[in-house]
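Please find the structures below.
Note that subunit A is present in both complexes that follow, paired respectively with subunit B and with subunit C.
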Partner chain A sequence: MTRCIQCTRCVRFASEVAGVQDLGMLGRGSGEEIGTYVEKLMTSELSGNVIDICPVGALTSKPFAFKARNWELKGTETIDVTDAVGSNIRIDSRGLEVMRIIPRLNEDINEEWISDKTRFCYDGLKRQRLNDPMIRGPDGRFKSVSWRDALAIVAEVALQVKPEEIVGVAGRLSDAESMIALKDFLNRMGSNNVWCEGNGVRPNADLRSGYLLNSSISGLEKADVFLLVGTQPRIEAPMVNARIHKTVRANHAEVGYIGPPTDFNYNCKNLGTGPQTLLEIAEGRHPFCSALLAAKNPAIIVGAGLFERKDKDSILSVVNSIAKLGNVVRPDWNGLNFLLLHAAQAASLDLGLVPESDNSIESAKFLYLMGADDVELDELPSDAFVVYQGHHGDRSVYRANVILPASAFSEKEGTYENTEGCSQQTLPAVPTVGDARDDWKIIRALSEVAGVCLPYDNLSGIRSRISVVAPNLLRVDEREPALIHTDLKPDCQQKLSTEPFSSAVDNFYMTDSITRASKIMAQCSASLLSKK
Partner chain B sequence: MAKLLKTAIQAIREKGIAGIVKELKEGEFVRCLPDGNLLQTKIHNIGARVVGVDKFGNKYYENLDAQFGRHRWVEYGDKRRYNASQVPAEWHGWLHYMTDHTGDELLMLKPQRYGVEHKQNFSGEGDEYIYHSKGHALNPGQRDWTRYQVWQPTKT
Partner chain C sequence: MAFVVRSARVPPNSATFEEARQRTLEFFRKACRSIPTIMQIHNLEDVVTISQLRSTISSEIRKQAHITNPKVIDMLLFKGFEELNNILEQAKQRHHLIGQYVIGREGLVQDHRTKDQGISDFLKNFYSSNYF
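On to the complex of A and B.
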């Protein structure tokens, strides 16, 4: 027996917000039923929201249903880190366990929805966890050791190598506190080779308008023409995509897309696949130019996947010339947007995590990975000493010499800045796992063992340090727009390659160490991505 | 006394000396010698009728010539640690004169689907015998309260 009362709220959500026509009414009269059409799944990345919408509980969360009662749960209002949007969520926990994740209302960021990745990734927090400091012995096997021994060994090696051979990489899920601690620590060791993965070589960290979603997520609703350059918002940032979908539905905004073939849940013109099309638009030869010129509030969204390209500077200068052509950046409207991929990216650029040399990995002798699992380690010298500090045994641990267990986003207090420049804080919902510690505390302890003690002992101390570097990170829940919009950069003379844009995210459901450890996410990608 | 001797001579005549020795060995007679309770039961057994043996090896005797109310008894199968809770439910009624049906007859009435195997009471027998709840440290199947799975390092 089903509890469904045929209110059709889920059907309306699917067609109006998620933009998929998968749910509907089957049968008529007393035989009326809600269902997906024959042999179809609800192939939306927002499908979990129908659980919250359902007024009677006929649609339930499969991983959560009947696992716990509402009154057993402790709710913690925090922030999601699986993408750069920073959706507001509530983590419901029972004892030591995260039981479910549900959205919180924030009209400026995620409205009242969250993506399926955010909602269902929490079982990844319980699997593949690192809970003890470990050292790789001479036989290649990891052995659990005490914190004292692990830190002593790391400090000893760090002091032996030359300062410029020390390299630090912050991971996708790092919070601002730990990133500033990492940067301060490496700077005191004499190295400035520290960056956050996903930002590419020589990222533009000088002008905030060069990496933020300048028109803000809610501001996208005012746009009437969108040009998506090398970004697939549906898989990179579903909440931003929902915003674009809303705008397209509301005022029939036109959307043009340049990039590899992908699915859209609204009308979208595929203009081309590579920089060639961009050039055509910049020179006014492309039919899309007329739409861009006629638009009142045109919005260009550039994907952060382009930051990894070699010809990134020239692409950005072409985009700048399109912006000039379409009068995209005006005092009353800034439509030149950059859509970031990871939760740590905006804060890392605000804090100035920019590597000194381009090929620091190739010459590294001491590599400090702070949760960085997507760094290309093939070019790392085989005698390099790798420290992996993180919460999951994912990819980089296999190359590590020392493993330092850290806490995940659900277990610590940290500041994250989302793609539109709004800084938000997470709160610990559950205690840390095993012997793990907060990221910044580990680095603070390590700095003391290495003899370059960092001058902060608590969270307020480290935040006052952040206030010196990037005070906007401390103004929580407030969007800090970029102040200077003008294009100060000189025109780049770099050659534009003809190589088409590639997709930045190949599997929506598995983008970081938490989601890669999640069983539910694995099932989702097995059943949903193969259907497409 | 005379009767006792008569029975003994009759037994030797029936089974021979070797048979008697074998029987004494099987009945763990030597172990019964220092234990008054067991020895008394052994002596009592002479001339009594064995009514049945349960699956724990307990032997049930009846001697209608004995004083009424003391004419049924049990010789425990376990000669080391024996106590009354070792008598299974089906024999309990017979042993306590509640019924004249022997345990073997009553065993047929035992429900097949949900009848629980008889278990003796291990109270006071030491930690390895007594029941410990699922959260108790001495329960070998103690519940695992860790709510996360640890990454297992494998050699790469």
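On to the complex of A and C.
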């Protein structure tokens, strides 16, 4: 027997918020029931939200249903880190285990929805975890050691290499506290080759308007024309996409898209695939220009996937000239937006994690990976010593010489800044696994063993250090807009390549170490992505 | 409790330091002679050797080497006989012996006191737990 009372909230959600017409009412009269037409799945990245809006519990969360009772759960109000939006979530835990993740209301960021990745990735927190400090022996196998020995070895190697051969990379899920500790530690060792994954070479960390979503997520609702440059918001940031969808529904905003073919859940004109189209718009030769010029509040959204391109500077200067042409940046409206991909990116640029040299990986002898799993390690010299500090045995572990287990976002207190510049804090919901430690504590301890002791011993100490570098990170739950919008950069002489834009995210369901370890996410990508 | 009463015979006090020393040597001999029995009744052959136990006993005695007051030595000897008796009566069990005399008083946790000299409280706490 079904509990469904045919209220059709889920049907309305699917068509009005998720923008897919998959759910509907079948049969009439006493035979009426909710269903997907003809054995199809509901292929939306927001499908999990129908669980929350179902008033009777006819739609339940498959991984959570009947696993725990509500009154056994402890709720912790925290932040999601699987994308750069920083959706507000509540982690419900029972004892040591995360039982479910549900959204919290925040009208400015995620409204009351979260993406399926956020909702169902939590089983990845229980799999493939790193428990103990480990050192790779001469036979290539890892051996568990004590923290004392692991830190002593790392410090010894770090002191033997030349300062410029020390390189540090912060991962996608790093919090601001650990990133400032990593930067301070490397600076004290004499190296300044520290950056965060996904920011590309020579990131623009000087002007905050150059990497933030300047209109703010809720501000996108005011826009009436969107130009998406090399970004696929539906898979890069589903909550931002939901906002665009809402705007398109409410204002009939026009959306133009430049990039590889992809799915949209609203009307969208595919203008082209590469920088050539961008150039045409900038020169006023493209039909989309008329829409851009007629718009009251035009919004350009540039994907952070372009930061990795070699001709990034010239693309950004073309985008800037489009912004000037369409009068996108005005005192009352800033429509030039950058959509970041990872939770750590905005904070890392605020803290100035910018590498000194462009190709430091090739000359590295000591590489410190703080949860960085997507760095290209092919060019790393074979005699380089790699330290992997992180919570999951993911890609980089294959190359690591020493593993230092750290805590995941559900286990620590950390500051994250989302793509619109709003800093938020996570709270620990469950205790750490095994002998793991918080990220910043590991670096603080290592710095002392290496003889370059960092001057902070607790979170308030490290936060007062952050307040010197980026005070906006400490104003929690407050959006700090970028102040200077004028383009101060010199004209770029770089040549624009004709290579079309590529998609920044291959698999929406598996983007970081937690989601890659998740069984549910693997099932989702197998059953949902192959259909496309 | 019969054996406790039987063993709790207080001998007359030693008159001089020399007499106390003699009694200590007698105690050591008695303890050494009972080692094979202890090994057998507590089944200790696979964890410890006779000579190890003997050196443990001597080191326990040498710990008090600085004491010259015959009254104090008599008291310590009384406690030593009591302990030996407890072991022979099996009032102390196998794990007591292993914990106290085989592994040592520090137990299984290694002694890092010498290594930890000069490190900050943060690092000491860090080595023991994530929560401090």
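By definition in this document, the second predicted complex is superposed on the first by the 532 of 532 C-alpha atoms of A that agree within 3 Å, B and C clash if a C-alpha of one lies under 4 Å from a C-alpha of the other, contacts with A are read in each partner's own complex, and residues count from 1 in each chain.
Keep this in mind: a residue touches a chain if its C-beta (ideal position, glycine included) is under 8 Å from a C-beta of that chain, and two chains touch if they have at least 3 such contacts.
Quick caveat: nothing in here was measured; it's all calculated off a predicted structure.
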item	value
Combined model on subunit A: subunit C and subunit B, fit or clash	fit
Partner chain(s) touched by A:128 [first = subunit B, second = subunit C, both, neither]	first
Partner chain(s) touched by A:141 [first = subunit B, second = subunit C, both, neither]	first
Touched partner set for A:457, first subunit B, second subunit C, both or neither	second
Partner chain(s) touched by A:97 [first = subunit B, second = subunit C, both, neither]	first
Partner chain(s) touched by A:438 [first = subunit B, second = subunit C, both, neither]	second
Vertex subunit A; arms to subunit B and subunit C (CA centroids, nearest 10 degrees)	40
Touched subunit A residues, subunit B compared with subunit C	B
Gap in Å between nearest CA atoms once subunit C and subunit B share a frame through chain A	16
Overlap of the subunit B and subunit C footprints on subunit A, listed as residue numbers	none
Touch list for subunit C against partner subunit A, complex	112, 115, 119-123, 126-127, 130-131
List of subunit A residues in touch with subunit B within their complex	95-97, 125-131, 134, 139-142, 392-393, 397-399, 433-434
Residue numbers on subunit B that touch subunit A, as the complex places them	147-153, 155-156
Subunit C-touching residues of subunit A, taken from the complex the two chains share	146-148, 407, 431-432, 436-438, 441, 444-445, 448-449, 453, 457
